[in-house]
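Each of the next two complexes has subunit A plus one other chain: subunit B in the first, subunit C in the second.
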Partner chain A sequence: MTSLQKAENRHEGYAARLLRKTFSRWSARIGAAWIALLAVVAVFAPFLANSRPLWVSVGGHGYSPLLQGLTWADIGWLAAFFGALLLWSLPLRFGQRLLGLLAIILIASLIGKAALKPRTIEIYEQYREQAAQYDEVIYTLVPYSPRDYQRDRGDTGFQPPSREHWFGTEENGADTLSRMIHASRVALSIGFVATGIALVIGVFIGGLMGYFSGLFDIIGMRVVEIFEAIPTLFLLLTFVAFFGRNLYIMMVIIGLTSWTGYTRYLRAEFLKLRDQDYVQAARAAGLPLGSILFRHMLPNGVAPVLVGASFGVASAILAEATLSFLGLGLVDAPSWGQMLFQAVRFSSFNWWMAVFPGGAIFFTVFAYNLIGDALRDAIDPHLSTVEE
Partner chain B sequence: MLSYILRRLLLMIPTLLGITIVVFATMALSPGGITAQSLVDDFGMNPQEKAALEAYYNKRYGLDKPAPVQYLRWLNNVSPIGFEVSEEGTLGRFSWRKGIDLGESFLYGRPVSQILAERVPITLLLNVLTIPIIYLISIAVGVRAATDRGGRFDITSSIVMLALWSIPTMLTGVLLIGFFASEQYWHWFPPSGLSSLEAARMPFLPHWERFADVARLLGGMLAGFAAGAALAQWRNRTGRIIVAVLVGLLCATGMIDALPHEFSWVAWFWTALLLGGVFYATAGSDYPALRLVAFAFFGLCLGGALGAQWGASGFVRGFLLDRLWHLVLPVFCLAYGGFAFLARLTRSAVLENLQADYARTARAKGVPEKEVLWAHVFRNSLLPLITVFAALLPGLLGGSVIVETLFSIDGMGKLAVEAVKGRDREMVLSITLISGFLTLVGYLLADLLYAAADPRVSYD
Partner chain C sequence: MSMLEVDGLKTWLKSGGKQIKAVDDVSFTIQRGETFCLVGESGSGKSVTALSIIRLLPERIASHPGGAIHFDFRRRDGETERVDMLRLDEARLCQIRGLRIAMIFQEPMTSLNPVFTIAEQIIEALRLHNPEMPYAAARERALEALRQVQIKDAEAKLDDYPHRLSGGQRQRVMIAMAMACQPDLLIADEPTTALDVTVQAEILRLMKTLQKDRRMGILFITHDFGVVAQMADRVAVMRRGKIVEQGELDTLLASPRHDYTRALLDALPENLPRPDHPPPASENPYIEVRDIKVWFPVYKGVFRRHVSDIKAVDGVNLQIRRGEIVALVGESGCGKTTLGRAILQLIRPTAGDVRIAGDSIIGLNNRQLRPYRRRMQIIFQDPLSSLNPRLTIATTLIEPMAVHGIGESTEERIEIARQTLETVQLKGDHLWRYPHEFSGGQRQRIGIARALVLDPGFIVCDEVTSALDVSVQAEILQMLLQLRRDRQLALLFITHDIGVVEYISDRTLVMQQGRVVEQGDTAQVCGAPTQPYTQKLIAAVPRMPENVYRRAGACQ
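Showing the complex of A and B:
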């Protein structure tokens, strides 16, 4: 690095410097690359794996069954992806970008829900049966939908990987690769949303506890202790068994059971920061409490919380997989853990049901852990494997 | 000190109350909740019978009362001091020693305490075996990684440990059961349970018919051990790698040959790649103790297996060996995540102390580096390891939920899943109470050990 660049770097903010240091490590880059790949796969899932052909032309009349079959969730994902690309290319503040993104997702999903008629019954077999009549047809990379049980082909349950089904088929005869592609949405969204919920609760309570200390702190710490003394998995099991098993409830539940760590981190940071001069100055200037806490103190105390969050995303994904594996998972969507569950549930061992979905869980969790590890070393370099 | 312990024990009471309130509220607020209707399986029952059964459940568990009353009633039953409860469910006089009553399980129809007394020892057995393994491996790896900071061992071990930590327990369990405990592949270990059916009739210790068999087995183990140790000690790194990889490939070929189905090159390739890779990495490592332990252990197992192959007549496994044989896979599943986590923690603790001023002083006055490490640095690095012990205990309880379900071991973890799935209120509350209590005791123990290990910490 030349001295000129160094001088420029002195002007970069704390967050920018952390990011630069984190992603200067190849392990963090590999992790980020895997997450990015997963995000692309999740956003374009219906374009990658679908029984509906991408393009069909019959007697000079061309149309796309795939586009006709998109659901409001697909619209929401696409809007989120392109919205994020747009917002991050504009010069906005982080909070504005986040709010903008949420608004875009909400609006797109609502429009999608209003404009698209939901199909109650999908007959995927028709596209294979009518294949002979098509003049021209373009299939997606994996020409099977996650819920295409291939009834037209007889019993296709538990076929080992072949040229037809790259990752084999699951118990009901659907293509495993297609289910995995669509399940990446569950993994990605549950990781982010559950951690987001936990972060909001943890930062709010932890911030107030650290800032006010005293009685508020004592009561708060008891609440934190209560939630920590119940083994997380057991708490999760209880919540899920008694409240139901849809994706959104699951996200909220995982978020509700994992906020204590963030509270502890932020409380410790705020206890240190509350007597700093700039906080005293902000208080003396009569700034409102929200401004002191979140504009002035939070950016200086957020680093350990961020490290915790990137490990938290990994454990949220693991939590979902574990619940699915114990038979308490989602009933309405394919998920990696549920596929893993099928590997040993029956008398025979189906290795492809263990290796591929299990490998996907492992790589995703590993990727988040690599990023978290690099982030921690960037914040606190005196213990890292790389000597500076 | 005594007053500190008493204070901490008293502080546990509000926390335990909070824990049970959280869990009770979850159950009471859930859609449907827990009512007599939800307990009665009304299949093939006429309305009078159903109503009678519901009335019976209502009376027995007080399910028709409002939720707060139900909670207070439960609380009165479990607390050692409180009101005596008569057979009809009415409250009697206040008593100081009425004893703890955990209630009866909805699911099993037996007292909860009885069921717990059966299940707790099994989970404890798993954990008692697992914890020493976790500590041994993580200290060995962590201390070496810290002293070799920035070196090859440090970088590879930190990546490997992070990877191990990221492997979900259920994936490992599924793969181990699928490949090493099923008829389709290598049927080396039992897939489920803690002992075979015939183990009940076996003598406790293993038994051989002829002395020659024992000699063969011991001879095989000894030879394997010696060969492994010799390979590990060989100074020529290239030679070591070549021999180790060749042994790995040979083993892979043998394993594929032992499969019940036809020889397949694809299977051979993956097995050979995996075994060869592990052997290559171990032989190439510049950590002699790791090489020694790994190769000597491998030689011991291989030699023992070959020795046992030759004379297998009249061998009775015995109860002890049977139990151990059943425990290998579950304990491995429980252990690897723990040592992966703890090794990283050990590394940072030792590293922090290696850079401390007192370590520099010791070096400056001429203390040998080995003594600096073990007599000064290591003892100070024990503190975080002690703290983690408290966190490890409930963690292992949680971890054993998956392992026990997978391997069908009737311990606490499996019981917890069954209770939650079956909406067995008394059982869920009792398990919450006990695991919460254990966790809090773990924290207290950690704090006390902390004071014992570090004279600067005092609670008086």
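Showing the complex of A and C:
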């Protein structure tokens, strides 16, 4: 199919046109730039904020404590990043790229998990104590790990921003900026995984409902209504109470309760599309159902779903932040919402714990909304009449 | 002095950073009591001219770098003032719009506001221009206006909402609204294009009567020379924003001077060289439809009781041999499209039998139907919506071939697709484009190519030319005839256009309310119809006068 793909590159397809229109707006570009920055920060978090020095040399023998300290999760993130760069530079279909990326992440994480010994205890202080012995040492930008509580520094606890800690420290004395950098992983992954789960379920059920309509549609719509009646936050609270604080359970629950919106969008689109002449033509040509649904209808009906998804990512991030703010988030892993919680937890109002993580949440949610807005305008035929 | 004088009008439209000269130096005049027809193909700038006169173009995209539109504005105090529409402020324009210049649009279904009653809409227009008029008097005037446009039972219709009215009735209401303030100039932009021929004939007759009563000027915009021949006193032919020729109706039709006018007249189905009608390849029918019925159930009440059926197709018999073109004519809603889709099993018929080359295909599931799908294809009316905007032409053409196992490899299928595109007179490298890169006529050719790649024996052509300009229509029709000859195709040609039927088909079926009311050889059905419905239908078709210019070699 190489000649086909070459041709699709030469002439601008619908997806390319949509992207061009979306990102011709400054608001969408700014939003995308913020998300891209966040992604880079999340991927390279251990290289940006780590108590382990990037490079040390002792008596002519040089090594990198940082690389030694990488975990399987770090390997997974790096694999995802470079895998995505590789796959998107090759001429592949979107589905192939997506599957390839998932495979790369899975394999890299498994290899990392098998090959790297998990350390039960991490003594961050040693690198500062041994600093005098190093001949040469290169630190990361923020020389503190997110769980480096700096017991060696004596009086740890809340400290306002200073030269030492740009964004201050949290209740245990860990560096806030470092925690924020590492927390961007939670924010990104919960948004994408939860929305991804919701999209898969929503698109599948919505597509079938719209295409078959009739009885299937009636039953499907009742299921949608049942799921819409479930309050996500209370379900999350219940699950946290029963199963403990697990990020993956949170992702799955947010995903399982938020697919109904996408179902409704896609159902409505498919009800409209099934009577389009090109769908009738596909039926008249005897094409298999899978092709009619996923090749001829889905790409034409998916745009509103994508708009919904970009808002969905934002609301998943907010849901996690809400839980963490209520003190029901992850225990020790850094998260923006949990840091907000610390801002008001004690008698004093620790403004730096509110401003910086709160700002990060605000800008991330805002960025997704900007992209979603631009996407919605790009697919709106009423706004594009002047151009065409 | 003429009532309206358009002098060197230029209208430029901004579009994606570019300036398009939509109307470029157009001049004409309209006298009182005269009908002036602007005729041209789509995109020729005729509608933009009309909208420029009444100043309804959005100002952020439209500009008038030159020209003047002089209009005799009869003020409410009785004085007549010569104004230039292009240089009036919005307040003055509002006094003229609706009161002295009124407009009716093509699409009656969307030009009335669905949330107001007919009375409210007419009265609003009346009282806007006559603020001192009491409500009761306005209502009286509205009723009178409805009676004038010959709406039956006008008093009851007055308080109806638009959805209760048929397309023809709505267009009458639109005319009533336009006429209520007794305008001096009526601009009618394709007012009958969306209507059935019988309704069109009534509306045209009505417009003429009203014009005679009021000595009103009409600017009539159309693409249909038959309508022009009925309505116009004078005609102008527009092309790419310019008037290429204008003159008295009779002179222009009898001896057109400009090449483009001649080309347009040549392209009319009645002016095309008559095709030969070769005898069918075999006497056995390729497609045989027996007593087919498509009923849509109607449910009512809480328990969804099955109360009745809408009989879209109610017992139709039909046989088509290979190499034969059968036309199916009828007005909108008669069930002709449903019949076409029911034959292809795109809609499952309620009862009856469909046989293709002797095999019954009723009751087969999708998998069993697949081998038959290859043999019967469909071409659609709207060339825009019949192609998947997300796929290249190559993908659209190749996928069905792959499903049916035509061609060994993708490369071979691409070659077949390339040849098919050349058959429909497109270039082979058009394969790599997306549908939005083509014009309407080109898209229709691609639609035909999609049907042809499977090498079918039978094709349903569902109003394939009604969205196209006459010149493109002529090319498509000739191509279909050529394909019929080359491939021995059996065609079911669904249309509402009698002119096209007379040109292309061997046999004709006339449908009304789900039933076939008359069938036979085309010459007999169209020339000497026996059923009253067919007679009415044929009589309503706007015809060109006898003395019109004929293409050399065109036979009667």
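Please note the rule applied: the second predicted complex is superposed on the first by the 352 of 388 C-alpha atoms of A that agree within 3 Å, B and C clash if a C-alpha of one lies under 4 Å from a C-alpha of the other, contacts with A are read in each partner's own complex, and residues count from 1 in each chain.
One rule holds in what follows: a contact is a pair of C-beta atoms (placed from the backbone, for glycine too) under 8 Å apart; a residue touches a chain by one contact, two chains touch by 3 or more.
Because the structure is predicted, anything quoted here is derived from the model rather than measured.
When the two structures are aligned on the shared chain, A:318 is found in touch with subunit B, with no touch to subunit C.
By the touch criterion stated above, A:243 is placed in contact with subunit B alone, subunit C being left untouched. Using the contact criterion defined above for the overlaid structures, shared-chain residue A:362 touches subunit B, although it does not reach subunit C. Judged by the touch definition given at the top, the superposed model places A:225 against subunit B, while subunit C stays out of reach. More residues of subunit A lie in touch with B than with the remaining chain of the pair subunit B and subunit C. Looking at the shared chain after the overlay, A:326 reaches subunit B, while subunit C stays out of its contact range.
Touch criterion met: A:288 reaches subunit C, while subunit B stays clear of it. Contacts of subunit A with subunit B, set against its contacts with subunit C after fitting on chain A, overlap at residues 386-387. Across the interface of their complex, subunit B is touched by residues 27, 222-223, 225-235, 237-239, 241-244, 314, 318, 321-322, 325-328, 337, 340, 343-344, 348-349, 351, 354-355, 358, 361-362, 365-366, 369-370, 373, 382-383, 385-387 of subunit A.
If you check the complex, the residues on subunit B that touch subunit A are 14-16, 18-19, 22-23, 26-27, 30-31, 149-150, 154-155, 158-159, 162-163, 165-171, 174-175, 177-179, 182, 184-185, 348, 351-352, 355, 394-395, 397-398, 401-402, 405-406, 416-417, 420-421, 423, 428, 431-432, 435-436, 439-440. Of all residues in subunit A, only 1, 3-4, 7-8, 10-15, 276-278, 280-289, 291, 295-296, 299-300, 386-388 touch subunit C in the complex they form. Against subunit A, the residues of subunit C that register as touching in their complex are 14-16, 61, 341, 344, 346, 366, 369-370, 373-374, 376-378, 380-382, 385-392, 394-396, 399-400, 403-404, 410-411, 414, 431-434, 437, 447, 450, 454.
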